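Next come two complexes, and both contain chain A; in the first it sits with chain B, in the second with chain C.
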Partner chain A sequence: MKQKNRGLAVFTFLVFVFLLGPLLIISVTSFEGGSVLKFPIETFSFKWYENIFKVNMFLTSFKTSIIVSLAGNLLALILGIPAAYALSRFDFKGKSVLNAVFISPILIPGIVLGFTFLRYIVTTYHLPIYTGLFIGHTIIMLPFVIRVISSSLSTFDFSIEEAAHSLGASKIGTFFQVVLPNIKSGIIAAVMIAFLESFNNVDISVFMTGPGVSTFPIQMLTYVETYFDPTIAAISVMLMIITAFFMFIVERLMGLSYFTKR
Partner chain B sequence: MRNRTIYLLLLPGALFLTIFMVIPILLTIGSTFFNEGSFSFEGYLHYFQDKYFIGILLTTLRVSLVTTFICILLGFPVAYYISKVGTRTKVLLLLLSIFPLLTSSVVRSFSWMIIIGKNGVLNKLLLSIGLIEEPLNILYTPTAIIIGLVHLFLPLIIITLIGVLENMDEDLLTAAESLGASRLGVFAKVVLPLSMPGLVIGSILVFVGSFTAYTTPALLGGKQRVISTFLYQNATTLNDWHTAAIVATIMIVITLLVTIIMNQIAYKINPKG
Partner chain C sequence: MALFTLENISVAYNKQNILQDFNLEIEEGKFVSLLGPSGCGKTTTLRLIAGFLESNNGKFLYKGKDYTKVPVNKRNFGFVFQNYALFPHLTIFDNVAFGLRLRKASKSEIEKRVASVLEIVNLRGFEKRYPKELSGGQRQRVAIARALVIEPDLLLFDEPLSNLDANLRENMRIEIRRIQQELGITTVYVSHDQEECFAISDQVAIMNKGIIEQLSDPATIYNYPKTKFVADFIGFKNFIDFEDQTIHENEIELTKSGYTFIVQKNKENSDTDKKVGAIRPDNLVIRPIQGPVTSTKNALPGKVKIRTYLGRSYQYIVETPIGDFTVNQEMLVPYQVGEEIILEFPANNMVLVK
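And then the complex of A and B:
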């Protein structure tokens, strides 16, 4: 058995080299002193990190992405928390259908979602790009918000809620004073996971660009089409640091089981 | 009274998705059956005779199939290993699998441009050790798309399989071995059938994900179109919304078909799964 495990361990190690090697390489190239991306680097400098803050398009699209993700997140919470609560708390007719509807933005191809939304909502009703991005990102965040909060509610003991009722608390009062504080960590985890989904989204945002408006990942794609300098590598490192930070917070709040459940 | 509360809680979200997602999709599908006001299948007949479009469709299907296959081959042993190691190593390896999954797909695909490009890391390495004489042309080919997609979806199948393998009853494996089953026999007769549900869910996620992926083929595929980049090109650059709608509908139908068929297969192999 030991012998076999060693073979498996080596195999696993190689697969992780494949998974993480490219991210390591891109991180190293971000410190290149010259103007062409190369690995290994020839001279060391931070100048491409400075360059991020000099390119205007990156600054504005970063701001756009943050605003769209935060605003969409808020709306997704307002729509998602009551839905997650109803889906976890009660049994009712049509529950499985509604469940499917709320999860469907994950299942429908993103590029199809983006195109149909552009054609029948944004273009038809002449929505400003900002509004389009806001609604579109809310759509894709909603299933993640509902999934994380539902999984948080699945460990909540609803008899506490009934106890509060019988002691004379109102339904709405109970929800805000008993249920919400108990799923606080679930809500924070939901916000972070939804934020990453939205912030990294390409499939929907790629349909909603206009003069001076686009999201950060789309700006990165556009930049890569014309330039092959280490700016993108530097940006990648900064994005990876943010991602790692978010991941550790979610891990603290929910544990890793959230990710392995399907 | 209670029912009214429930539906009131669900209504805002459901209404939102209906208006902004369900209706636009239904309108898109409906629009493909009309050509200049009259009902017809002409659009579909046209595209299923168009060699260029069929080529794109087949390339996309082939790329997705190969990606799924490689992901299973690489992911299954890794997931098996992770599910068996001690807690501390397990947490570390899980974190290392989840991290790429949460990282931007632009970043992940772009990192491969540095590696498999003509002057990339891989070519430099192979040239310097004398394994090749001419640099390999991998970037901007279907192979590049496959590499990028495997990198994108491998973590997904690993963590899906860990979820299933962790719940497998260890006693069952010991029992099979003590009854004289060979290690290969235990794997084929016990481990594999029991992991079928995870394998099927994982395969669906990888196949559908690869089939509909946009960023990776857009960055690594160059002129090589896949179905999603073809849809995008028609919807924006060419402004041909009729074609885009037909492609969108075909994407939805194939995604649904694959999911249903795979679930059926899983049920046949392991009805209790």
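And then the complex of A and C:
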């Protein structure tokens, strides 16, 4: 029999209010008809949603964000899949050190990472803004790609590799014909999580962006410095919907357990 | 002539020798089992034949050709895994067709050959299913079909039945034997299950610590083990280390602490270096002490130390002047613990081993 605990129920409810309340408030304010962000709203309108698509800098920065995220994602996959494979498949000296190194971008504060990268790589080698953004975003996506794909490889039975071998497949052929198809859902989940991580990133991007090139979240920051209309609330709602949609797919593909694992 | 030969093969793992100067010859069309306790090197031997492992030195000859450095995917050997190792993302048809596609067979040929091999393993009609929709026994039959369809030069089994329950295991081993006989394909089979190996093999190699102790047909191994290890492994629980041995015309006379034993002579036991007597618990006889004394040879005075009930018979541990012996004996009125008895060693049931 389940026990009821009124105190705990109230506490849980308060936690939910604390977590979801701000999101709810933002969602409501995005429908304000006036030109100032306020809660509760006085008139109802969709015009700030329309405004997102009218402001030119949102459109260009959105495009920049998408390009940087997708390109960085591709590179993170090319680097991350073999790394995750090697970490799961083989035992070798320094494996735990390597594991820690691959996870470190999550642990090191983004500001530190971003500043170091700017100071010692971008300015030293005079990298163009796009290249800097691209490399920086690859670095922040890589640990997520490696973690998610490792988690999907942890249930992979490597004896089917040997089976493919004995049937005549080469080592590379085996990887593409047997390993990749079996971690497909892990790869899709990795792409989505990495994409969100990169698309929402502020702390690295803020160092990498420059004149004329900005990512979407950085543009949002710039916008709220000058304007105080509900456009920003409307954008937030849109980003929430996109994020929720992606997380729903990830959840369907492999569950959210890898967030708590390891 | 041997189909393939392992010559002086050595395999070391983490600086520990698993196989040392290992030799094995297998004839074409034979079903040979490698049997032994875990850690004896039987799986290592099989994986070496398959090509999953490389030997540190030695040679692997197949039909006289040096296969030592030939990689797995160029050997054309079928391998059946303990855990089936089916491709989870492919249907049964595609699992079986995998090897044929790599060999660039035409579509019609693939269909024909997959159909005929699924016929052999009794799995027609399962083509569109996925491995996870099949039972363990069915999966293992798919694995066998997948290995057979490439018409392998050699079929290798790594404990294929150990994940199945007892009934299914018996059916499957009959099935494996039937398929092997039908196709006449040379087979090497690894197991730690003695009954399984004896039931399906033409020859059994008993392995211990990286060497083959004995390679013979099952009946020879069962009746005439050559070494103490083999005898122990197949159920000769009682051993006597004799001190002296005299070979007569028809019998061999042996002594231990003043007691004399006679063993009938046959072609298997006339080597002078076999001085250990081995006898199964079922073959020892306990008789009451007050009965008429037939002979002082092949008999020891003893006392029942422990008695356990096995259902079909009683098992006794009997204490004698030269050590304890285990005896299984059917008897309506059992001997009591502590009772003084005579323990008899029938001359035709004792074998001599190294």
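By our rule, the second predicted complex is superposed on the first by the 257 of 262 C-alpha atoms of A that agree within 3 Å, B and C clash if a C-alpha of one lies under 4 Å from a C-alpha of the other, contacts with A are read in each partner's own complex, and residues count from 1 in each chain.
Everything below uses one rule, namely that contacts are C-beta pairs under 8 Å (C-beta built on N, C-alpha and C of every residue); 3 or more make two chains touch, one makes a residue touch a chain.
The structure displayed is predicted, hence computed values, not measured ones.
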{"item": "Partners on chain A (chain B, chain C) - clash or fit", "value": "fit"}
{"item": "Touched partner set for A:F31, first chain B, second chain C, both or neither", "value": "neither"}
{"item": "Dominant contact partner of chain A by residue count, chain C or chain B", "value": "B"}
{"item": "Partner chain in contact with A:W48 - chain B first, chain C second, else both or neither", "value": "neither"}
{"item": "First, second, both or neither for A:F58, with chain B first and chain C second", "value": "neither"}
{"item": "Partner chain in contact with A:Y120 - chain B first, chain C second, else both or neither", "value": "first"}
{"item": "Which superposed partner A:D157 touches (first chain B, second chain C, both, neither)", "value": "second"}
{"item": "First, second, both or neither for A:N182, with chain B first and chain C second", "value": "second"}
{"item": "Chain C versus chain B - closest C-alpha approach in the superposed model, Å", "value": "11"}
{"item": "Footprint overlap on chain A, where chain B in one structure and chain C in the other make contact", "value": "none"}
{"item": "Chain B residues touching chain A - in the complex, by the definition given at the top", "value": "2-3, 5-7, 9-10, 12-14, 16-18, 20-25, 27-28, 74-75, 77-78, 80-82, 84, 91, 93-108, 110-115, 119, 121, 151, 154-155, 159-160, 162-163, 166, 183, 198, 201, 208, 211-212, 214-215, 218-219, 228, 231-232, 235-236, 241, 244-245, 248, 251-252, 255, 259"}
{"item": "Chain C residues touching chain A - in the complex, by the definition given at the top", "value": "50-52, 72-79, 81, 83, 85-89, 98-99, 102-103, 143, 146-147, 150"}
{"item": "Residue numbers on chain A that touch chain B, as the complex places them", "value": "4-5, 8-9, 11-12, 15-16, 18-20, 22-23, 25-26, 29, 37-39, 78-80, 82-83, 85-87, 90, 92, 98, 101-102, 104-105, 107-113, 115-121, 135-136, 138-139, 142, 146, 171, 196, 199-200, 202-203, 206-207, 217, 220-221, 224, 232-233, 235-236, 239-240, 243-244, 246-247, 251, 256, 259-262"}
{"item": "Interfacial residue positions of chain A with respect to chain C in the complex", "value": "157, 159-160, 162-170, 173, 178, 181-182, 184"}
